[in-house]
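Okay, so chain A shows up in both of these, paired with chain B first and chain C after.
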Partner chain A sequence: MVLELQKPRPIWYIMFSTHHTDIGLLYMILSLSALFMGGALALAIRLELFFPGAQIIADSMTFNRMFTVHGTTLIFLFILPFASGIGNYLVPIMIRYKDMAYPKLNAIAFWMIPPAFALVWLGFADFTWNAYAPYSVISAPGPAADMWIFGLKILGVSSILGAINFVVTILKCKHPDLPLSKAPLLAWSFLTSSLIILVAMPTFAAALLMLLTDRLGVSRFFDPAVGGDPIAYQHLFWFTFHPEVYVLVIPAIGFLYEIIPRFSRKPIFSHSSGVFAFVLLAIVSFASWAHHMYATGMSFTEKTVFMIGTLAAVPASAMHVFNFLATMWGGRIKFATPMMWAIGGIALFFSAGAGGVVNSAMPLDFISHDSYWVVGHFHLFVMGTIAFGSFGFLYYIFPYITGRMYSEKWGIAHFVLSFVGAVMVFFTQHVLGLYGMPRRVFDYPPIPEWIAMNQFITIGAMLLGIGAAIFLVNIIYSSAKGKPANMDDPWGLGGKYYYPYEAKNPHHSH
Partner chain B sequence: MVTTKHPVMRNIIGLFIVLSILIIMPSLQYALAQGDEAGEYLDRRVVIWNLFFRMMTVAFVIGAVVSGTLIWLIWRFRESHPKATPTKYEGTGALDE
Partner chain C sequence: MSGHSHWPEWIYIGVVVALLVWVGAEAWNLERLVEHVPEDAKVIKVTGQQWFWTFEHEDGTKEVGELHVKKGVPYKFEVTSTDVIHSFNIHDYVVLMDAVPGRINIVWFVPFDEGEFPIQCREYCGLIHYNMRGTLYVEDDA
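And now, the complex of A and B:
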């Protein structure tokens, strides 16, 4: 148990620690910083689009830089590190081991992130988080683009080191009395997502090197003028980053598997189906990357294969949803803040998945491709499901980290504002896409429907921003002055269920 | 880890897996109806929008069922419901980990 604020230590004790709870805490603090920085960019983007024409952002290049860094920050510096933080904190406890398998490697993986963070933010590249060739090779201004490439390279290595650590910890360090099949589903979620990283990430590492050497003029892999193929970059990119979607969402599903049984006062309905669905998702995640590329002139056969591969994720996702519903069935549900977030996450997960099924049907993809529909779809996943699961889990683990309770009233206010805001923003973006508005535009023609929907979306985004501000004040205030938590059972749910309380930090004995 | 194995719930999961497959089959049919010749997509715009609305109808029906189930669950099984009783796992140690 860390309880940093009750038993304070000098900050460098934590910074140079290799203990899994300390590194988990560092991951969480860094990821929340990234959340607020990336979120601030999102609010600026939405204010810009409140009216047609330039509003608060000077020009389209600056706008491009802002949404590039917004996407890069929230995917690579918020969602992934947050999941790693929770995994570091809980996985060793769940598999009953004293620490991660390689504690020093664990610390190295974390400390690679701040330099990468600095490279991404100080460069402020403009080529979207995809860095598609040939623009990224021929026209993207340096050194911003090169800094982004180096930053992502470092983040990729960090992810691989972290994934190796999780896989070895879970497979080789678990207690002999704990069969892998009985390991908690949160641990399973980290095992499957780490395996995906190990298979997927090297491809993007190669693509980044090729991009960099192309930019330096050493090679011409993606330059069509001399026989290079920019579409090849898209294949390399999406071979990594479609599975990466599951790397983001699988830990969030693992969070829900912890919260829902706990607050329903029941065990999970089917542990084995949860494991099966995780493994199935990990496999099919590699069968669908080219559904992002239907519009690049792929053959009918290729498109059919990737459409079927994409739809294969539906049964596995449905198994998770129905596992959650079946767990709640017959329970005695307490609607504390973590459970509110979990239920909101389930509802939006289903909506995001339904939109994805429409996208994956290749004839229909042509009406939604590169429109605001796509923006609404993937934001519904990353915000509506992954961030909702993450917020819920942060409230869940908060008493165990700080020894104090957060304000339940403000936690629920944060949830309500975020849920209403998310529905206003991301559902409306789907409709706006059907009305024809393209994504990644700084300005748009003054079509009344477009203006009205953009304004509605911006108001929703402001609700999300207000919710985030409430969240920030709540966690800072409650960390210092919140009511002391009953560490055996902070929510009065019955049962002595929980792992974090048992975390032993050797520093606390000094 | 204790798991619940209620036969009704198992049947419901099986039912929804079947329904999920039933979504995939019409999608395949739409795909096979698509031509492979460049330039035909705009000509088939009306057909594509028709398919879109049909798929959205399916998505909304399933969405209504799932969301309705979720809303009913959180209303019926909330701890303040008049019929709420402790679950059979409470106080038995089954929830301890």
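And now, the complex of A and C:
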């Protein structure tokens, strides 16, 4: 167990450690830093859009760079590393092994992220997190774009190394008494999401190289003047990043599978249906990438195929929701902070999924595509589902990491502000999209409905910001000064927290 | 699978699948109709470039940033771009098609209301993307 503040060690002991809990801690500190940096950009973007015309941001290029870095940071430097952090803490414990399969590789995968973080932030590119060709080739300014490409390249390699480590740890190092089918669903979520990474990520790695050589002028992959095709980039990009959506959401579903039975004081309704739904999601995640591209001039047949592929992902997601609700049904639920986040996350996951069905229907996509509807839609996933699950799990694992309790009152305040804020921001963004406001705009015409909705959204975003500030103070204060947790059962749920097989960090033995 | 019964889950999955099939079938049928361009549609060539729209009518007249059309006449847009990807959008008529360099994408509509409607770009295209706007003027011939 990592009780850093009770048994302090010099910081470099943690930095140069290869132990899974130390690397897990590093991942989580990095990912939470990225959360606050990316979140600050979001607040600046929302303040800028409070009125039409320029407000706090000097020019459109600065604005464009800000939303690009906002997206890149929160996807690649918050969500993914946060999941890796939790996975590092718990996967070896859950499959009853002393560490990850390759501890040094694990440390390398983590230490590739800070340089990539620096490249993304020091470059501050402007071509959106999609980096669509040919804009990213012929129009995106200067070293910023190249730094982004190198940064993402490094993050991709880090992600592949991490995925190999999780797959090998779970398949080859699990305790012989533990059949794979009985492994906890959180471990299953890391197995399936890691397998998706291994299949999906190399395509984007290739696309990045092609972008780079195109930018250097030594190739013309995406230049139609010599027979290249800019749409090819979009296929390569989304072949990686639609499955990547599931890489982001599957660990969050795993978090919910850990929280919900614990706080409902009931076993999971169906372990096997959870496993089945994870595997099904991993497979169908590869059948829907071009639903991002209906408006690029795809034929009717192509669109039909990808609509069917997209709809096919819904039953598996619906099985998870059913499993959560059936687990809660008839349970003695304790509405502590982690459970509140989990319940909020399920509600927003369901809303996001319903919106996704609307997007996938071809004629309706031509209303919602590239409008604020889409912004609201995917934020319901990344914020409403994934970040909610992550916050819930952070509160859940907090006593395990620090040996202390967070403030329950402020944890609930964080949840309430975030839930109200998320509903205000992301539901309103759907409506704003139906009114026709395009995404990624620095300024908008003074249409009264647009102004009113933008102001409502900005107020919601401020609630999210206040919640995040409360969260920051709560975790910093509580990790140093919080009440010592009852490590057997921090929430008084009955039954033993966490697992009988505890992590044994050799640095803590003396 | 522990001792409890699973039939509620099967019913629930059945309902979800039925809903999806319905949405998919409706979408397929509607899109099939929407994509059928009328034979008598007049062609307008739409060209996006950083950061304005150019329209060329069948008779060769060109307009920049403004598009004048007649009420009740079907129009077929041939959308392309000379630099980066844009997206040609008249939101009030659900006209949305990416302008991709090296490709000509087809989208059509029939204006049924007189008046002025905003034209905008819906795909990020750089510095002035937010203001890559134009106006559609629908006029009554009679």
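Keep this in mind: the second predicted complex is superposed on the first by the 507 of 510 C-alpha atoms of A that agree within 3 Å, B and C clash if a C-alpha of one lies under 4 Å from a C-alpha of the other, contacts with A are read in each partner's own complex, and residues count from 1 in each chain.
Just so we're on the same page, contacts are C-beta pairs under 8 Å (C-beta built on N, C-alpha and C of every residue); 3 or more make two chains touch, one makes a residue touch a chain.
Note that the structure is a prediction, hence the values are computed from the model and not measured.
> Overlaying on chain A: chain B and chain C, fit or clash?
Here the two partners, once superposed via chain A, clash with each other.
> For A:357, using the defined touch cut-off, is the partner it touches chain B, chain C, both, or neither? Pick first, second, both or neither.
So A:357 meets both chain B and chain C here.
> With the two complexes superposed on chain A, say which partner A:123 touches: chain B (first), chain C (second), both, or neither.
A:123 contacts neither chain B nor chain C.
> Quick one: is A:103 in contact with chain B, with chain C, with both, or with neither? Answer first, second, both or neither.
neither
> Looking at the overlay, does A:332 come into contact with chain B only (first), chain C only (second), both, or neither?
first
> Quick one: is A:296 in contact with chain B, with chain C, with both, or with neither? Answer first, second, both or neither.
In the superposition, A:296 contacts chain C only.
> Report for A:322: first if it touches chain B alone, second if chain C alone, otherwise both or neither.
After superposing on A, A:322 lies in contact with both chain B and chain C.
> By the touch definition at the top of the document, which applies to A:370: first (chain B), second (chain C), both, or neither?
In the superposition, A:370 touches chain C alone.
> Answer with first, second, both or neither: which of chain B and chain C does A:139 touch in the superposed model?
A:139 sits against chain C, while chain B stays out of touch.
> Per the contact definition in the header, classify A:184: touching chain B only (first), chain C only (second), both, or neither.
First partner only, chain B.
> So which positions on chain A get touched by both chain B and chain C?
Common interface on chain A, chain B vs chain C: 267, 269-273, 300, 303-304, 307-308, 311, 314-315, 318-319, 322, 326, 357, 360-364, 366-367.
> Of all residues in chain A, which touch chain C in the complex?
My answer: residues 60-61, 64, 126-128, 132, 134-135, 138-140, 224-225, 228-231, 267, 269-273, 295-297, 300, 303-304, 307-308, 311, 314-315, 318-319, 322, 326, 357, 360-364, 366-367, 369-371, 436, 438-445.
> Provide the residue numbers of chain C that touch chain A in the complex, in ascending order.
Against chain A, chain C makes touches at 1-2, 4, 6, 8-9, 12-13, 16-17, 20, 23-24, 26-28, 30-32, 34-35, 50, 83-85, 87, 89, 91-92, 94, 96-98, 100-103, 105-106, 118, 120-131, 133.
> How about chain B: which of its residues touch chain A in the complex?
Chain B residues touching chain A: 1-6, 9, 12-13, 16-17, 20-21, 23-24, 27-28, 30-34, 36, 41, 44, 47-49, 51-52, 55-56, 59, 62-63, 66-67, 69-70, 73-74, 77-79, 84-87, 89-91, 93-97.
> Which of the residues in chain A end up touching chain B in this complex?
Contacts found on chain A: 182, 184, 261-262, 264-273, 299-300, 303-304, 307-308, 311, 314-315, 318-319, 321-323, 325-335, 343, 346-347, 350-351, 354-355, 357-358, 360-364, 366-367, 493-499.
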